[in-house]
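Below, each structure is written out as structure tokens.
Below, subunit A partners subunit B and then partners subunit C, in two separate complexes.
Right, the complex of A and B next:
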């Protein structure tokens, strides 16, 4: 028996097992394993997005003080400047008292041109590659309301057809949103003016809200969002259209950075046929209120119990 | 001889690191596959979930499919614990710890699959109460986090207690662990029911929005879990590390048969409801079965149904006594139920989308590598746990301190 083996027997307590592992093999094995692990983990060096320390410890939006927000917005604006060389302003307009936003869409006039889809993309700094669209325009055959018969990706030349009607669908800003119930970290919630928002710095990306939404309204950043610098809209809201991160949810926010200032959402502004109406449901003189009271309006998937604030009508 | 915890862990550590050639090659192979999985996961962290086959239409894919299946496997440990502790079956009681150890390994895989699916794993601390926000009791995900971790700790405690006491040749004090075992018996169906509730509570997804999901989950889990245990026991028998009596296998086989028949009843009930009325609500199932345009999932689903039925037939015929047929039946059950729960339930809940869009889902190579890596790691954990436990249970070590 060599000196090595005698030493092994002395240091090895388990005399009733197979021969124990020697210290040399153990160290060699650990070294090999560590090296293999380091090689396995090496793609992390090419990580496309690495949060900074401040990003990492940032608290939930609702727990931020005014000072916190100033600091955070300044940091985010600096990050945008560094990345896109754009001087952005991140605002945080509060909900206006006595306002509940609602939308009416006139299916009798929509021609399915999709200008709203692209205006939304421009306004909200959505990723161009991969392309994110909040609004989904369904081309529906006349005579059916069955969504499964719809065409989602019709070419431009199939717009404005008289045998079909076109139904844009985006976030319905439901009164009973299922998405905010299922979020495990409350990263998404409903504001006082009825808009459902996401704190992009709090979302953990579990996509449970995407599973829970009956309207396919929520979008997830599977990849790092890519926006050409010249397409950046510098007028940003913290809870709405500031550039998002890889691995977080986003969706239509009724352009709250504009609408809380009294302006219209981008989709409505661009609509060439006047099919879109937006306003304050609580104001008896608003367009949406008048239409809902006078026209024959309906909502999608009423049976799910979400009580959407996006109304459709077949008016002239 | 070291005493206490250090003695036990010292033994466990040495036990895992030593073994014959087959053991070493097996563990080495699992480590290699796990490393590939770690590599694929790193690529996913670096470049995002874009590296998977998921998209906004099918936003949960193979990771959550495996998660749902493995929660069932973990819960199925209770199928052996009940005969052992409630019916006080001596033979099963001797080997029940091997199923509880499997629950630990399966839960480890569940937690890894969920972590792999998260978009921002660096933000998982957001879920902790106090430092983050834990949206309990409204979010079913928070319930799942609680019950899964709770079940993991219950099993770690019971296995740890039994193995530790037996290792040092100490008697097992009933009141120190049997109440925990009974708690685990009640807890096990709970973990799988909560996981089912995660899906069936969503009114947005009509394919999942039925009360039958939780019973289906439980029935299929209680068929697939013990089937896997039978395979483990056969492997242990083959390597002559532990003698498993034929009557134990026979009893487990009965459990599997009953559960499988229950599962077939529930699946049959769903198929009838969806397809007989011809209403539009059956669109998800129709697509899954290939009745509504082409679907890559259809051949998988038909195979799964066939495997389930053939396995049930085998288990009802006299040929079930034949060990080779039993092995084949067990493999068929595990594969069939994996497909049924994963592809046939999780994935097809997304097709068509809530707006009626039909898409195809195919996992990417990176996604598959992560899956295999996690499965390999789970087997690695389980093998290590068995390596530690088997000599203790066999009584090869228990008399060290009490030599007369």
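Right, the complex of A and C next:
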């Protein structure tokens, strides 16, 4: 075949058997595909949350240097400023050496008023709609600890009843956390002071940890978390209470942005009955240590072997 | 000519490539992405302050701390009776419900209105009521001093120049009726059904009634 004949074949529209696809059909197909792509991707234009490029290439928390963290915190603060018009400060206090946090809750005193639940929501910037709460207060009949028959959505008028006791359950900060074992991307881990944390920028939202937790302590953001701007708590920790994204897991962190500075967690400070006690397990003079030594304490679901650092007691 | 055009449209395999395949792709993409992606979520509502503001249990503390007027206008006229049980006259609003401890002057100093009664003739200031309470409730007061009883705020790590906020007995307990009363409770959670189980789907749901019935003994 001569070069001229080849040229003729290419330019001849009607003869397609050898050239495969004609210019007309190629253009039509491309137009169809691009129209389809545009139509199908158009919801992305008003997507609820699209990560920025820097968000996308951010490394795992443990691989970040101090400069990286400074940059990331500044970027997150700018995002919060843009979204809520709040001047937030994101901090990342490191674990204190020789400190292991523990919690003791005196069920003999808890009246089930749920103030801890809402203080936690207020402190930790939890989504107001749809509602996210770390603490569930279980109402149980006196005489038995039967989690199956417990009720966690009793109306407020049923609080402070003499026939029932109330058992607030949040993350138990286990020594053998099952949730971190199942994470396929290592987005959740245990810190040196025993607090189990989540890197919200690394979590892929597979919810394995939620299924693995025997206490139902983890919460998943199915929808975009919504908080009114005046309710934002500007004192934020990178691993604790900064605003979360849609599609990530979150959990109680013992308010580590407060407790690692020596303060008490929010749920403890608000409890009107003083049934919550928080402190350093390794300090022999701390409140938790005194109670654990003097009172009969128990942990929830001891048989599953998670060795929680959240103790319950029925002290006077 | 017509025969040729027909051939181009419906050559073997060409029909799939040019008509059905793009059409299927378009349909699949539309079904994937154009669904009703926005769930029906109500707008966020700010939390009420009374649900999360720290406060001690005894909101009425101010009612009893200050009595209007001068104590001695009345008390100088009357010879104090150590056996007086019911709070009288100006103190009529006080309901004394402190168990066996039912004498005013067990705790109040019989001659000095500004102080509480210590051992013998000694006086205890109103600023340190725990010393009075310790005369009967020594173990609890010891727990309180160690921090294991009562509400404490501030911090677990006591830094230099700081001290934890330790509430005294009468800031939570009414000394005239010390059984703990609070009365402020926050509402039940309103989680979406799909994220967490609800106990009470309705009041007449038999499963729910069985699980939450308080009269049933279930082990």
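A few points about this structure:
By definition in this document, the second predicted complex is superposed on the first by the 276 of 316 C-alpha atoms of A that agree within 3 Å, B and C clash if a C-alpha of one lies under 4 Å from a C-alpha of the other, contacts with A are read in each partner's own complex, and residues count from 1 in each chain.
Here is the rule we use: a contact is a pair of C-beta atoms (placed from the backbone, for glycine too) under 8 Å apart; a residue touches a chain by one contact, two chains touch by 3 or more.
Computed from a predicted model, the values in this text were never measured in an experiment.
Within the superposed three-chain model, A:270 lies in touch with subunit C and out of touch with subunit B [touch as defined at top]. Within the superposed three-chain model, A:107 lies out of touch with both subunit B and subunit C [touch as defined at top]. In the superposition on chain A, contact is made by A:148 with both subunit B and subunit C.
In the superposition on chain A, contact of A:215 is made with subunit B only, not with subunit C. Contacts of A:185 after superposition on the shared chain: subunit B is touched, whereas subunit C is not. In the superposed model, A:305 lies in contact with subunit B only, and not with subunit C. Judged by the touch definition given at the top, the superposed model places A:206 against subunit B, while subunit C stays out of reach. Contacts of A:248 after superposition: subunit B is touched, whereas subunit C is not reached. Once chain A of one complex is fitted onto chain A of the other, the partner contacts of A:119 are limited to subunit C, with no touch recorded for subunit B.
Touched by subunit B in one complex and by subunit C in the other are residues 14, 16-17, 29, 33, 36-37, 39-43, 130, 136, 146, 148-149, 152, 216, 219-220, 222-223 of subunit A.
Considering their complex, residues 12-14, 16-21, 26, 29, 33, 36-37, 39-48, 51, 56, 60, 130, 136, 138, 146-150, 152, 169, 178, 181-187, 202-208, 210-216, 218-224, 245-248, 301, 304-305 of subunit A touch subunit B.
Touching subunit C in their complex are the following residues of subunit A: 14, 16-17, 22, 25, 28-29, 32-33, 35-37, 39-43, 96, 109, 111-115, 117-119, 121-122, 127-133, 136, 141, 144, 146, 148-149, 151-157, 159-160, 163-164, 216, 219-220, 222-223, 226-228, 230-231, 259, 261-264, 266, 269-274, 277-280, 286-287, 290-291, 294, 315-316.
Partner subunit A is touched in their complex by these residues of subunit C: 4-5, 8, 11, 18, 22, 25-26, 29-30, 32-34, 37, 39, 41-47, 51-57, 140, 146-159, 167, 172, 180, 182-192, 194-196, 198-200, 211-212, 214, 216, 218-219.
By the touch criterion stated above, subunit B contacts subunit A in their complex at residues 1-2, 10-11, 14-15, 17-20, 31, 35-36, 38-39, 42-43, 45-50, 52, 54-57, 59-60, 117-124, 126-127, 132-135, 138-142, 145, 198, 202-205, 280, 283, 349-350, 352-358, 391, 396-397, 400.
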